[in-house]
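What follows are several structures.
You will see chain A twice below: alongside chain B first, and alongside chain C after that.
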Partner chain A sequence: MSSADFLALSPLVLAAGGSIIVLLVSAFAGKRPAPSFAAALVVLALALAAIGLAWSEAPRAVGSLVKIDGFTLFAQALIFATAFLVALASYRYMAPRSGEESGGDSGGEYYFLLLLASLGASILAAATSFVTLFLGLELLSVSLFSLIAFRREKTIGAQAGFMYLILAGASSAFLLFGMALAFMATGSLKTADLAAALVSGTPDILVLASLGLMTVGIGFKLAAVPFHLWTPEVYDAAPTPVTAFIATVSKGAMAVFLVRFFAPSGLASAGAYPWIFAAVAALSMFAGNLLALRERRIKRILAYSSIAHIGYILIAIIAGPGRAAPTVAFYLVAYFAASLGAFAAISALSQGDAEHDGLDSYRGLASRRPGLAAGLALAMLSLAGLPLTAGFMGKFLIFAAGEGAFLWVLAVLLAVNSTISIYYYLRVVSIMYSPAPEAETAAGEAFGEAAGATSGTPRPRSARAFGPAAAVVIVAAVVVIALGIFPGPLIDLIRSLTSGY
Partner chain B sequence: MVESAIGLVLAPLASFILISFVTRRAAILSAVISIAAAGISFALSLSLLVGVLSAPAGAGLAAGAHASIQWLSIPSIGRFRGLEIAMGVLVDPLSATMSVIVSLVAFLVTIYSLGYMKGDPGFSRYFSYLSLFAFSMLGLVIADNYFQTFVFWELVGLCSYLLIGFWYAKPSASDAARKAFVTNRWADFAFMVGVILLFIFFGTFDFGQLSSAIAGARGSAMLALVAALVFVGPLGKSAQFPFHVWLPDAMEGPTPVSALIHAATMVAAGVYLIARGFALFQSVPGVMETMAYLGGFTALFAASIALVQKDIKRILAYSTLSQLGYMFMALGVGSMSAGMFHLTTHAFFKALLFLGAGSVIHATEEQDIFKMGGLGKKMKITAWTFVIGALALSGIFPLAGFWSKDEILFASLSSGHIGLYVLGIAVAFMTAFYMFRLIFTAFGGTAFGGTASGGEPTEHAHVHESGPAMTIPLIVLAVLSVFAGLIGSPWFQSAFGFSFGSFIFFGRPEASHLDMTTASISTVVALSGIFLAWLVYGKKLLKAERIAAALGPLYRLLDHKFYIDEIYAWVFAKIMLGLGIVFDWIDHYIVDGLFDGLGGATRALGRKLRLTQSGRLQGYALVIFAAVAIAVVFISTDLLGGFLK
Partner chain C sequence: MSDLSSLAIYLAFVLIIVVALMVVTHLLGERHKARGTGIPYESGMLPTGSARLRFPVDFYLVAMFFVIFDVAAVFLFAWAVAARESGWAGYAAILVFMIESAAGLAYIWKKGAFDWGARRKREHLRKHGYSS
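Up next is the complex of A and B:
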């Protein structure tokens, strides 16, 4: 490996080495989570800074395993920045709660796992070979099992972690088998070779079958219909910042891989594959939005909403060379910002004793926590795609990219689905801004105090004060508004970075 | 220059934000901030004007400065044409002059309001709205493209709504605010469609680029359509017939607001926009003719209504309509400089008249002129400045109105519109008459309250002159009303080498001229109007009641403002409501049914789908296996016979 290769990979190297350091820090820090938290933030910040170093070498293919180019680096920067914000939102949320057995550990390994998952996602986003694809995917999945079930004392968390483990394992098996078939047919593990085999003439049955099998592994990570069934349980049971991570980084990395695999070869618009994409996109949009309509728990609403958003992103992926990459990249930024804002607000509210999940507990939030309510409302409006928010611009770009051929049908479906989705997003907003019935607030207050009293400790002071999670809400809100009003610079940046796609 | 232009817009915005969020509770501080912001804007706009003036004479557009930044840029993707929207600043003689007018009047009105609004519970809110208005109006003035213009156009409409309905607890005020808003919305809708079409046809919103693009599209039907649609916007904002109904009702707002927004600046925005987009309108002769005749008609129509009004503010409101009609007439006959010149002088003397009326209302708490009288003795400054304003409005030599009105009359004569020329002279007569009817009734005569009914004058013995915060703006405006017209006079031209017409122009500069025939006719007509008013209301040689009785039906027609409000009410009540009932039925049973059905079906589908979320791992895995099978079969269809191809 030359020094140039090393430079190109420096963000990944830093994240990998840094994760070990974080693990060591957490081992020596005793019961305090703060050192591991700080170390993780430093590592993520360094990895983010190293993107600049890698940029000087881009585009560069390191062996046949990964290719570092503008789009990859953009995705990696997005992943590390998101992980940074997720870590911030986690700090108070993951702090040991009153009345829970902390088991004598600091919880510092949480940040180690978070770093490892980000590393996996970054590798996935850079993969040009099935080896790195599988490596990244498994690194991500294995870290996520533990993260989802991180609250060992909670049964539902363990159940959800187990469900994710089994289903991810099963889908990885399909993925592996598909890779084996691809290797058998083409004699190569490069994704580009498979794509070439698929585009040229009449492909071998082995090639087609391999692609069909791999769809499972990809679809599972994206949580696209019909591989979406795990999302509500897992989103609901996982610690809220982890949910945020799954909804954003884990999905986004796979979407980036998909674009890099399909868009340049023109595969996404050849043969039967666009039909599969179109069907999955349409099903995901409808299933996600319809399922969310009657949901009363906010994390599940966001789970369903994330399914619908993957449907929107798939439309952009079929749009083909030149259009897919910039559209997806912008949409991911918009979607990441809004989702992070929403989940960070939920995390900020759920500090202390009770998880803030049922929609009813949001009644009258605007008068109790006006800042958080405004941030959450803004995130909802952006997810719904209302004008002057980043979400609107993202949807608008997909709509623009989606015109032409049979894609306009999907574009119309996107519009229909946006309309449906407004209903449940706005319901959250309207609940927050409706007055809380006196009795209920009093009851809630009484409940909170009673819970504090039984555990024998006072309510933690962090329950109300401004914390890092609230800062994440602010950052997300600024991004959502800035991109909604002034999207030009980012669009220009993305177009220059993705010029090869 | 660009920096000053941005600064003069941002100063009032800063004031608005500061007052709304910080000094809301400190009333006097809010007022001081608002006045300071208006003062800064005025100083900066003066520097702009000086900058533009110091450029070589006749340089026109080249004398100014233009800067813009890309606000929204969506690149073209495939067949989808990209969208480029800029936010910019355009400084040229036109915008520099207009920004001086706006910021000067705003500055004076803000100071005046300090006295007028004293003790009002909404004191801070009032000043924050005034600042917001100044921001919006100045933003409109320096905008360099139609998109930005439209944004600020809507903002001034919003401010107008907020300020008309300032005393929102009063039902008449909130009704008037709503009426103004709704009427303007009809016009703005056409305007918006016009602007969008403009972009679709020419691919840009920019005034400069458009004027060259339009030159190449002369005579096409779509250009006519666009011009006609865009023209509706100014009709609404400047309250020209048939959109005039909102302006008289807008007098429900505080009087300084009427002076600033509904006399001097916002209602003139329509005129300004036509001047700004003159290239567009000039390329469609039909629109220009419509503009001229609609303006002339509104001038005559509103002046005739003003003859019989009793409410001091309504007289002035109809007078404003009439004068705006004059400006439209001037623009329509092709003389942009005459229209803008009258806009300038009118801003000063009409603001003066409104502020004078405000001073009277403040002192007497009365708006009916026939319940006033003898105010001239008790309120000397108000009375004298009011008389100056009225003389300027009537077009008496050498006051401001004389020059600008003659410019308009001359423009219509020289462009061959004899009918409009005669009409303009008739309006000049009416204007002089109704203004001096007002003056002889309210300021002349004996004791206040005694003229018409012989009531109890003692009741209003407390009437006295307003404080300096109110009288100083009156004096400043009176001075401007006397001298502002000189900038368009031949003397100015010979002394400085340029004048208003050679400064603000479109296409070719116009030298100032004094057409002796027009000048003498209009002066004689105005003087005879004043004389007649003196006979009837001053000397009472002719009984007003007898004239009213003799003119019977005509008088009633005028008194009811040609029944336009009633006609609109009837149209809305009978036709619109009738249609409304039909649409309501359709909406209720067909559309609602459809959407309720759709909504119900959607929810039901959602409920059914939720059954798939059983939470059972085995079930989920089964779905995945099934999906794989389908996917593999589907992808391999090419080999299995290929039903897709």
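Up next is the complex of A and C:
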């Protein structure tokens, strides 16, 4: 490896080395999570800054394992920035776990695992070989098992972590078997070789089987429809900032990998493969939106909403060269901002033991916490894709990308689904802005009976004060509005970065 | 096809034998239902307590650490046989790996995963307000 290779990989190297330091800080620096938190923020900021360093070397392929180019660096910057915001949103939320209540653990490992998961996602976004694909995926999944089950005092978290462990293990087995078949058929572990084998004439049955098996593994990670069953349970039981991480980074990295696999090879317009993904996209959109209609818990609503959004993104992924990468990149930014805003608002509301999850506990929120309610409402409107928000521009771009060829059917389905989804997004907004019922006003700050909270205990004063999670809500709101009104500069930037796709 | 048909005959025989053994023992086997049939020791003492004991978790921890550092040793051996050929690049790679293993070791040591037995239990009790 030359020094140029190291420069190109410097964000990954920094994140990897920094995660070790954060781990040691969490063990040696006292019983408070604050030092690990600060160290993780510094490492993430350094990794973000190193993206600029890597940009001077792009595009550069390091061996056959990873290729650092504009699109990859954009995705990595997005991943590290999102992880930074997730860490901010976690601080107060995870705080009750520290100190005496947890038997002396600092809880700083949380930030180590978060860092490791974002490292895995960044590797995934740069992978051009099955080796790095699997390495990144496992780094991401294994960190997520522990993150989901991180609040050990709650059985439901351990349960969800275990569920994710088993399902991710099974899907990894599918993925590995698919890779083995691909290696058997093509004699190479490069993803481009598999794509070439698929495009050329009539492919071998081994190649087809390999693609089918890998679709299972990839679909699980994306939570696309036949493989989505884990989503509501895990979203519901995981700590809210971790849910935000799963919804954004974990899925976004896989979407970026898919674009890099599909777009340059011309696979998107070859034979029956796009139809498989078109079917998955349509199913994801409908299942996600229809299942969300009757849901009464906001994290589950967002889980189903994320399934629907993966359906939208899949339309863009099969839109073919020249259109897939810019559309997906913009949509990911819009979707990340809106999701982060929503989950950060929920985290800001549910500090301490009371998980602010049931929709009923949001009744009258606008009069109690007007700022958070506005941020959450804005995130919901953006997820619904209403004009003047980033979500609208994202959906518009997907619609524009999908109008060619057979994709117009999907574009129409996208419009239909957006209409369906407005119902449940706006329901959350209308509940927040409707007056609180008498009983609840009398009980003052009694939150979340549906969430099983003890409504008698007074809420700690600090939970009401402005915290880092509220700052994340503001950042997300600013991004959502800025991209909704003035998307031009970002679209131009993305176009110039993704010129190779 | 002949190899498949012989496999089918083989499978059929396996099934027939298994089923026949089960049916025949079911029909011919003797059955008795005395007072002590259901308990573990028909002529010994009566069992007390539940079979589900709580084992100290330290055993599992040590077993896990053994596996982890054993795998580290596997990588070291793999590097050692090719140390000369892999040159300084290989040395740098194994060095990074060893530093990470050492960091992991420092972490679990500091977390107290290696102090087990009476001392740890006493500290735990003291922390929770029981003075011995």
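In the analysis below, the second predicted complex is superposed on the first by the 478 of 501 C-alpha atoms of A that agree within 3 Å, B and C clash if a C-alpha of one lies under 4 Å from a C-alpha of the other, contacts with A are read in each partner's own complex, and residues count from 1 in each chain.
In this text, a residue touches a chain if its C-beta (ideal position, glycine included) is under 8 Å from a C-beta of that chain, and two chains touch if they have at least 3 such contacts.
What you see is a predicted model, and the numbers here were worked out from it, not measured in a lab.
Look at A:Pro232: by the touch rule set out above, it reaches chain B but stays clear of chain C. Of the two partner chains, chain B is the only one touched by A:Gly488; chain C is not. Chain A is touched at more residues by one of its partners, and among chain B and chain C that partner is B.
Look at A:Leu23: by the touch rule set out above, it reaches chain C but stays clear of chain B. Within the superposed three-chain model, A:Leu213 lies in touch with chain B and out of touch with chain C [touch as defined at top]. Of the two partner chains placed around the shared chain by superposition, chain B is the only one that A:Thr202 touches, whereas chain C remains out of contact.
Residues of chain A that lie in the contact sets of both chain B and chain C are absent, per the superposition on chain A. Listing the residues of chain A that touch chain C in their complex gives 1, 20, 23-24, 26-28, 103-104. Remark: chain B residues 70-75, 77-80, 602-603, 605-607, 609-610, 612-613, 615, 617, 619-621, 623-624, 626-628, 631-639, 644 touch chain A in the complex. Contacts from chain A toward chain B in the complex involve residues 162-163, 166-167, 170-171, 174, 202-203, 205, 208-209, 211-213, 215-216, 219-220, 226-227, 229-230, 232-233, 271-273, 275-276, 287, 290-294, 323, 327, 396-397, 400-401, 403-404, 420, 486-488, 491-492, 495.
By the touch criterion given at the top, residues 89, 99-100, 103-104, 106-107, 110-111, 127 of chain C touch chain A in their complex.
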